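Chain IDs A, B, C and D follow the sequence of writing; residue 1 opens each chain.
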């Protein structure tokens, strides 16, 4: 069972802004990249359109400690912090070497897409829930 | 029948990069914004998932003359330059006041989405083609 | 003195993802657009490179209630919730008609850019602080 | 001397749009990622703010043959097609396995940033030009 993933990444030029640093809107994308890599490590893809199941984000939060710049290499560590009947909670930590750059949380909800496109929350399918577990606290 | 549209716009901070100017990948997005406004001016939406019809881009080109910076106000003028059985060709010009910033072209193809997600080109439906015409040349 | 701003906006196609809805990473950008419009309403630009002053984001949070789709029209209401010596706190609410779509918070820090590019927090200049005030609570 | 680079990449979810495929505005970004990897392979970084030298894009073009979808793995092959006194020309080819997805061209100009932020074209510095050469034609 998978509970955590570490993704290494470097900053692309188009992720920077006129202040010379990565625009803060990229941090949720970095976290999502790590989340999807976590799912692949669990043998799953988070997006299988034919299944009718989707995983919209219902909450996120970030604190930013240090800026990232073009070509900086950094690590995104994502951990599962809680698994509920219909939701998964994550936390992440971004580091460049020993320097903490940012921390974040994200919550996703399991939903069923109706033919008209509306999404209703539903219990996480057993075969998905069985692949994940909450990470041990390692603060 | 609609042949041309002028969209006014200003630069958002997240569109700039560490060189202090709008990243060039935003110009296709600016052109697409103007295209979709052109379609709305013709009484249409370019994306109606229930129709099964899609309009993938098959070609684009841009030349960049002057940079755009945060909060610059500019205009995107898009014109239809050709309508073929299955394709529409556009040209656009971006200006800030009297200064030409960039020019571009884009070609889109009318496609039918099969149930398996693959896209096949198809003739432009009559009720769509009837709304558009080629713009007069205005060098 | 300015304390609040309402920005009207519609969804661009490139803001949607393969789930057919606006990708959650766009909500911080929407909030920032409203913030910069708030600053302009106060007679200021948040980015004046020659001043050496910058406003990096130090925290943000969002809750997402309903999805946004291509060409949806919506409103971003941003309010100043606190002004500290070196920081400004905002809250925002996104609505489509009477439907609440999302709510968020964001904190920015006033910083001075040293010649080597590092940023140090500094007190908000008087001429900037004088333009803003905390919004009345209107839950 | 470096003339060509092949970058392997997979599609992130936030790169897709409501048509279920990668939005076309990502292809210039993919090409730029490969370009910057080419520069690193030559022992250079394309962005060194302290140098006062910048490399704005002056032209690009793309043709799109096949769509890319979430988690698709693909390769971007970039080649230098011409080196002029003040400009470098590239071509790229995107492939997924043996399937050609897209081809593109891009031209960048060597510029000197004046203290007021304006950019003037200038000859490519010898120590940069010496690292690159035009790629042999390979069909």
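We adopt the following convention: a residue touches a chain if its C-beta (ideal position, glycine included) is under 8 Å from a C-beta of that chain, and two chains touch if they have at least 3 such contacts.
These numbers were taken from a predicted model, which means no experiment stands behind them.
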| item | value |
| --- | --- |
| Furthest chain, CA centroid comparison against chain A | B |
| Of A-C and A-B, pair with higher C-beta contact tally | A-C |
| Distance from the mean Cα position of chain C to that of chain B, given in whole angstrom | 28 |
| Approximate Å spacing (C-alpha centroids) for the pair chain A, chain B | 33 |
| Computed distance of Cα centres, chain C from chain A, in Å | 23 |
| Interface hub residues of chain A, defined as touching at least two other chains | 13-14, 18, 20-21, 25, 29, 32, 47, 49, 70, 117 |
| For the chain B and chain C complex, residues of the former touching the latter | 12-14, 20, 29, 32-33, 36, 40, 45-47, 49, 70-71 |
| Chain B partner contacts - residues on chain A that touch it in the complex | 13-14, 16-18, 20-21, 23, 25, 49, 69-70, 117 |
| Chain C residues within the chain A interface of the complex | 18-21, 24-26, 28-29, 32, 47, 49, 54, 56-64, 67, 69, 117, 119 |
